[in-house]
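In the two assemblies presented below, chain A is common to both, partnered first by chain B and then by chain C.
Right, the complex of A and B next:
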């Protein structure tokens, strides 16, 4: 029983980077911008979030810095693809490289090489009064760090926005058929800009979560492919906020099983466990490929002066 | 001549702007920009050793870049060159260790071929997933990189582990599997000939043969290609498998020529640099070796700069990424 509670608690804890990065990807994708720079933006968010927290002595400021960096990358992506109409994958990969490069460059410049890694305090547990006293559910759901609650509330809000409001409907129209959306008076360019920027900010925050919850410090390539997994999760979640939220439970579950199975004392060499998240992701993509619903205009650039698209 | 100038000019501007932008940053950090850039650009040409270091980097960079540009010709993105190279290296080392007593006539081709085949197999997996299930190849190729990290760790810490080495490393492959040396001091192995021949072969294939033309047609407009009877799905598979073979060759050359054993982490950052090279070359297979040489010069210079001036190597990586961004931007400028 204790083990199960610990496991489920860890799953919820590990779900956050997937939820944030994937919702960020989904937002941009809903207006046709296919971001492939997640891994780079997350690494930069992790690096910058750590550095700012370390220097300022406040994790919240670090999170804001990571979000700002992600937003700038989102803005660049939107500008290059929407205004300059450049290939989304080329630009996404370029931003990925710059993010990775900056993520290792900044700590070297700001902190330098130290014998023991500098540490920041990890995010505190926020117990919700009364609710945290419920047996079983209490410790799993209501004794987590603040970003766990944030990622759940964010997902619900995004769902409400996309499927229950006029603006959300308009946004979805931009990703399905921008020409029609444009003819109905929806500002396609503005929609693409703000979703890419907000999406980038969420992806940056997803990166900052790693040093602030798992390690207390930044290490090179610490995302371990979570940025790429988030793209897979977005496809798996059909670019819909609630399916992404539930799907992230699966991704987090696999990660907890794989990276922490050593603690349980499994006899298998740990290298086999390291492969599990990636192989499981490919498997889940195979199983769900038929159902995968993708915004029709994903990855394309809208040119209102072009006759037919 | 004028046309050549018009192609090269945007590159020169992109390089100049990237260097200027990072130069301001380096100066702001309180480093000597002039000495930094001298070191970056000239280390390769000051000593024989520097030049050969550059050639040694040029080999895997060219192959990795081609592993990206060949599928790109057909409109597919292979971000899995790292895994394909690792798996190629593993297979090369496995053959080289298992049959270590064989003479060079047999063992060397076996080692090289093992790497090529293993890389091709690693490329076949995403190709098949794309063909059979329509899975996005960007994702599957990347995810397989992470699988390969675990595989190489398994092999390098397994029964073949060299227990005297601090880092996960296997025992050496048999002498028969070593690539012959062209120059002994400083050491340059004959893998460079292989790389140049392969690069030339890829260029001739994609620009001068029917099969290559089908690849180009598929990339230009898959629907039109389909109408004209090209089996587009098969072209995708073929291009990804060929890419895997190229990256696998890079792995076996590193094992047979440079390390003579399998070392964890030997893939370095060749994948990312290969992608940058392929994109700067705009997917043009003829341009790839030249861009690869330029990047190899920068990389060798970057290491020297870090050693002598204490400026982090990543600074040069940012320069490379910015060159790419400005080269891409020059298309927009030209369109206007």
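Right, the complex of A and C next:
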């Protein structure tokens, strides 16, 4: 019993970077902007989030810095694709490389090389009064760090916004058929900008989570492909906030299982266990990809002046 | 006394690169009339109305609404001034419901709960008043073309437009649907709307319009009251005086009469017991069998969405049938790829030409040779010159093929997407 509770607690804990990065991806995609720089933005968020927390001595400020960096990358993506109408994948991959490069450069510039890794305090557990006393559910759901709650609330809010408000209806229309949206007076360009920026901020925050919860420090390539997995997860979740939330549980579950198997010491080289999340992803994608509902205009740029589409 | 026009376009000029699409065109719309805008493909009808709706910017000319000069910078301006347009290719979100499409972009009463009761009531009232029955909760992609057009008209009416532009509204409608549409248009006009009706179909114009303006090659030729003019006058105005109508290729090329199909000959295309089950598991074709004989025009009737498109795609080899046999010239071609069917003399003009028929960015010449580019004249010509270019033979093919249509474009090398219907 105790093992199960611990397992589920860890699943919820590890779900956060997936939720944040995928919701960020989803948000941009809903207006047609397909971000593929997640891995780079997350690494930069992890690096910058850690550095700022370390220097300022406040994790929250570190998170804000990571979000700001992500937002700048989102802004760049929106500018190059929406205003300059350049290829989204080309720009996305460029931003990915810039993010990776900066993430390793910044610690060397700011802290330099040290014997023992510099550490920041990890995020504290926030127990919710009364609710955390419920047997079973209490420890799993209500004794977590603040970002666990945030990611769940964010997912619910995003769902409500997209499907229960006028702005949400308009926003989804932009990603489905921007020409129609434009012909009805909806500002396509503005929608693409703000979703790309906010989406980038969420992805940056997803990166900052790693040093602030798992390790207390930044190490190179510490995202270990979670950014790429977030793209797969977004497809798996049908570009819909609630399905992404449940999908994140699954991805986190596989990650925790693979980690547990390592700790227990299965008679397998640990490299095989490291592969498990990615193999599971490929399998899931094969099984679900055909049915996945994708915004119709995903990855494309809109130009009103062009005759016919 | 003459009525004041509600809308006037004066001396409009519009060019796309070197192509002059509109040259000094003027147009006026009287309140409460249905005004037909008539002309062949490429005459500039749609371009003119797209300028009015703010989708294109005019090079020269003025727009007057109720005698006052206005500028229209985008669709929003047009809608705010009470001008609505139903495009030939509908602007709809295909995975939204009818109601969502209609209210999209307008102020919703309960904007933070999306409870759409007030909007539903308003739309239902419009449906009833104008005789446009539509299931408001149906998802657009499940609806036939005729219903989607009603949705498009409702979108404009919901926004309270005073002037409604309909671009080729009868394309893809059944005769019954056309009649219903015309009745609705009459109701709208009686309700105080003014309507511009773009078409190249003369009979429709004569049956529904009050006045008719004819465009040809980007110029306006004439504007006439319906009662003042015969069909013949309009045909002459549309195609120009220089063309001898009676002997024109459009109207009578072959003297072949009906009833001459030799059904004892070997069928040129035979479908036997063809079944098709769609990806979603829905049966689309059930035991379809027929023969088509040489020299025959074989019609397939039915309301849109009952398998015509699937039948055509199966016959052309684009979609393999789930079961059944297809024979071309007596030989089984059921499993053969499209390229092989084409080589054996089949040609396919898809229903949705814009999406399935051609490459919008490629030139007319490239589009024409696409599909036949493997065959000898083009393939050898290209390889014998030693260049990996098909431009020359392709242009030659294009110029011979397009001559009858008398395109005013530097046709062969223009991107295909720049043409209208």
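The definition used in the following text is that the second predicted complex is superposed on the first by the 308 of 309 C-alpha atoms of A that agree within 3 Å, B and C clash if a C-alpha of one lies under 4 Å from a C-alpha of the other, contacts with A are read in each partner's own complex, and residues count from 1 in each chain.
As a working rule, contacts are C-beta pairs under 8 Å (C-beta built on N, C-alpha and C of every residue); 3 or more make two chains touch, one makes a residue touch a chain.
Given the structure is predicted, the values throughout are model-derived calculations rather than measurements.
**Q** Output check: A:224 vs chain B and chain C. Expected answer is one of first, second, both, neither. What do you get?
**A** Touch status of A:224: first partner only.
**Q** Touch test for A:111: chain B only (first), chain C only (second), both, or neither?
**A** neither
**Q** Touching A:128 in the superposition: chain B (first), chain C (second), both, neither?
**A** Neither: A:128 stays clear of chain B and chain C.
**Q** Just chain B (first), just chain C (second), both, or neither: which does A:186 touch?
**A** It touches chain C, and chain B stays clear.
**Q** With both complexes superposed on chain A, which partner does A:242 reach: first (chain B), second (chain C), both or neither?
**A** A:242: touches no partner chain.
**Q** Identify the partner contact of A:5: answer first if only chain B is touched, second if only chain C is, both if each is, neither if none is.
**A** Touch status of A:5: no partner.
**Q** Determine, for the superposed model, which of the two partners chain B and chain C contacts more residues of chain A.
**A** On the superposition, B touches more of the residues of chain A.
**Q** Going by the contact rule at the top, pick out the chain A residues touching chain B in the complex.
**A** Within the complex, chain A touches chain B at residues 36, 80, 84-87, 89-91, 93-94, 97-98, 100-102, 104-105, 108-109, 224-225, 228-229, 231-232, 235, 269, 271-272, 274-275, 277-279, 281-282, 285-286, 289.
**Q** What part of chain B is in contact with chain A in the complex they form?
**A** Against chain A, the touching part of chain B is residues 29, 77, 129, 133-136, 138-140, 142-147, 149-151, 153-154, 157, 272, 275-276, 279, 312, 314-315, 317-318, 320-322, 324-325, 328-329, 331-332.
**Q** Report the residues of chain A in contact with chain C in the complex, numbered from low to high.
**A** Those residues of chain A that touch chain C are 163-167, 169-170, 172-173, 176-177, 179-186, 293, 296, 304, 307-309.
**Q** List the residues on chain C that touch chain A in their complex, please.
**A** 16, 55, 74-76, 79, 87, 91-96, 100, 103-108, 111-114, 155, 354, 360, 417-418
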